[in-house]
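This report refers to the structure that appears directly beneath it.
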């Protein structure tokens, strides 16, 4: 059962395969060139920094809904251990077991396939239990520093947060852009705020998971038209969930990751940033959000920081 | 057996307890204020980005020398799984088990104690197996963005890398500063290059571990005088190992983390950065190096990026 | 705040410190000598085997109530990997992360301390994050094979299962013994059935956890009088929970593990065994229940088998 | 490239597919019926117990040779934690991350496939990263209790241990049987001693791994003729390694697990058992070796005990 025609038509319009060469594994991150970075740096005025990651905790975001995606189990392997004898310097050490996509994270390009194919037409079979992602692993990203733009859709619509059934499409994105007085441009990283993370921050993990507002299947074309480098949001599912079209699951994932070769971020806490942007009346800033370079990984935790 | 007089005298001179209040858990990171960040941003000229993290691999840096500090065991929990039925979008997911200090990382303030005491005079007993680091956990850091300065000691001395017995003290730091034509200032993050990581990159993990060049017990006073915010290096042990003074183990760790409240970074790959700095004839840049916010952790992997 | 007088008096009566020497780390398992084993073997008539472990699953018994005690996260590190080239034999391999006490398990002697003391008067401080249990680790057990006796308290009382508030003390144990027509003797391993595991098997993990029937603070004296080698049950908490005496938490744990030096087992599925015993009208059998020899562990999963 | 003719001919002779029904997942363990167990119990004379598992340690058997098969990383999640307030009972808790085949273990039937096929003709594709082993998972075993027979090949040949190039075939097995004065029969579990584990016990993990003596490709027919239920050995690779026939990798694994449906055990410490058997001049005993019931696992640690 292939993807439905509705999907296939959009896919054709946003497809980036071959755009940066047949061997490219970085996709739209290629849009961030030195000039884009200089432009991003030029947005900084006050030097104020806003962290966007949710703390990594054993009782974090995951509820067991996604099998194997476990919250961080963080344990000490030493506690004030005087390794070199009594009275010497004492060290504490720790380890963690966690789903790479358990908290605030990036989806890597190999996270999703459809019809047996990954970004750039590569076989999905290049991902294996043994070798992990041989193509498109998150370590290929190397660095993510660019201009960030907050599209505060909830704010633009005058809502504290969008409801569970609210799909964010071109109309909402453009409205948020206008409300912010900024125009999204080539190489930007767009942060789409729905306010849904407030549900998690208020302690309701189940309610946060779904029903969730999120990107519409119509959003990728908007991002493609603006040639953005990446998109991140403040929900677990990234796109609206349950989906808009019955039986068409995770179409935005498939369009972004497979067709466009564009990383997407989930569980980003945009609340403090929205407040800061409102205070300073500007929605563009320098954004730094490099994933940890896990070799062959399909995702990675990230600790993004907006610098205003 | 308390720390020897040599240590205690230096400790007195560099101690920062109470400097940012009795409850402070961020130490010298407090030196990075908005003005410092604006100055850091002003160093960017080309927009060129250089990543400083070593890829996280199962056969990575750790050799078993430090008990429990395991290399990343990265496994797939799903491989192209059509979660919603045949022909639907397929997802791959992964988990990792790793020592938080296994690769390129920051030591958090709770990583080391001496005489039962952590930074700011807090009891070492605030770290437990159950609660982990109740004081000084790495999540308190929130963000690390500042001016980075590469002190290429190996380069300044005309060596590809320093030998195992080479201690880097005030003389070497000043020489590297002069060689670079830059003066380290308040709030900077200093990257000290010995070239030792070349041993690891060449495939010799045992040789990389030790004997290792690294910071001398005399270095902390230099950093204190300049009021730097953090220091990172390209070795496993950070300071010279085996130590300069027989029986005085990890004195630099104790001075930085406990007395000064200053984070320190290990296993940073400074090779590409050194080449870039040499090419561009400048050694100061915007540095972004925020750790993952593991609640109560004594360290964290980090994916630093220098922006030139 | 020391343990209350009620506890201290019982503790004095059941204390086994020094009984098997000052260095003993096996406690009441010492009661299982070759003669006891021969007696256990002599109980076998049909050869029928009944497994007593609950399957180890990612969605197993643990609910997050006990921090860090995680259900098994079982992942594949290879799936039909043709390690030696195309067409060669293919292997699959797996790893697990789990709390050692997550499923059907034994509590080791170092699992509990009170007043800073473990079994045999050893300091609780001998357990550390770095060295784990230096005294009384589960690997010291070596083997557990003895006569098992099922005391089907629920069955004896004509109930499918005991209610949450039901404490099992000497009266209930003796009634179950008489109902079974067996007398518990030196070296036996007693399996106490409350039927509570039926709640878990029916899918209610929260309800299984508590309120729970279980052993009364009066039970240890009964076990001590009979000189049993170990006791296991079919609940999460082992003893009645919430406790009988307000503010006196886990007194049975403290009496068994610390005072008597007696291992105790939790989450044992005694349902099939109860049916088999009823069918065969006998409640004594050969029991094999050796923990995995994790060095320095305070507990271990176990896959017990009753041989009738 | 299919398996070579040499393999295929033996495969035909030992194949058990369909022997216990098309849906069978227990293979030769079906040979252990109640009568076999009664016979096993009848071998017990002294009641002496000998444990056969190597302690599970962070610095255990694995050297990194087999990717992902990690030694146990055992950490404390609580150390004498007074969970219910100061002065209350204190508990210690622990977790482990480990390869299921890292120490003394059983290979489950889904551990190996060839030509895309598992035991009983089932598709190898029934093993996935997401679902793990849907067919032949180790939890299907339920219990392993039978007569054990030690075939002390090294002892029979008058050697402390066999050399690395020594293949154990029908001739050696028969010689060991005659030396022991016992005849292997239907339902037995055969323990083949080469003495190789002495290399590990002496501290040489690399030397233990390979070159290794072990079963010859001719051994499975011998086991099939005797209708044994399972075979375990005291080496890492189980069969001779490097292999006897160049380019024919792990043929014994493929014959036992895929063709015969017979579990095989590795890294069993048979040294104490060999000494005990020699002392008591008998080589048959009651053996209990039930794996932990990991759902969908392709292997499991086991703590076997011989009862003499």
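Each chain carries a letter (A, B, C and D) given by its place in the written order, and its residues are counted from 1.
Everything that follows uses one rule, which is that a residue touches a chain if its C-beta (ideal position, glycine included) is under 8 Å from a C-beta of that chain, and two chains touch if they have at least 3 such contacts.
Quantities reported herein were computed from a predicted structural model and do not represent experimental measurements.
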Set of chains adjacent to chain B and to chain D: A, C
Inter-centroid spacing, chain B versus chain A (mean Cα positions, whole Å): 26
Chain centre separation (chain A, chain D; CA means) in Å: 45
Multi-chain contact sites of chain B, meaning residues that touch two or more partners: 67-68, 70, 73, 75-79, 92, 95, 97, 128-130
Chain-level touch network, classified as line, ring, star, complete or other: complete
Chain C residues within the chain D interface of the complex: 1-3, 33-38, 41, 44, 46-51, 53-57, 66-70, 72, 74-80, 83-101, 110-114, 116, 124-125, 127-129, 132-133, 139, 142-143, 145, 249-251, 253-254, 286, 288, 290-299, 301-305, 307
Residue ranges of chain B in contact with chain D within the complex: 58-59, 64, 67-68, 70, 73, 75-79, 81, 92, 97, 128-130
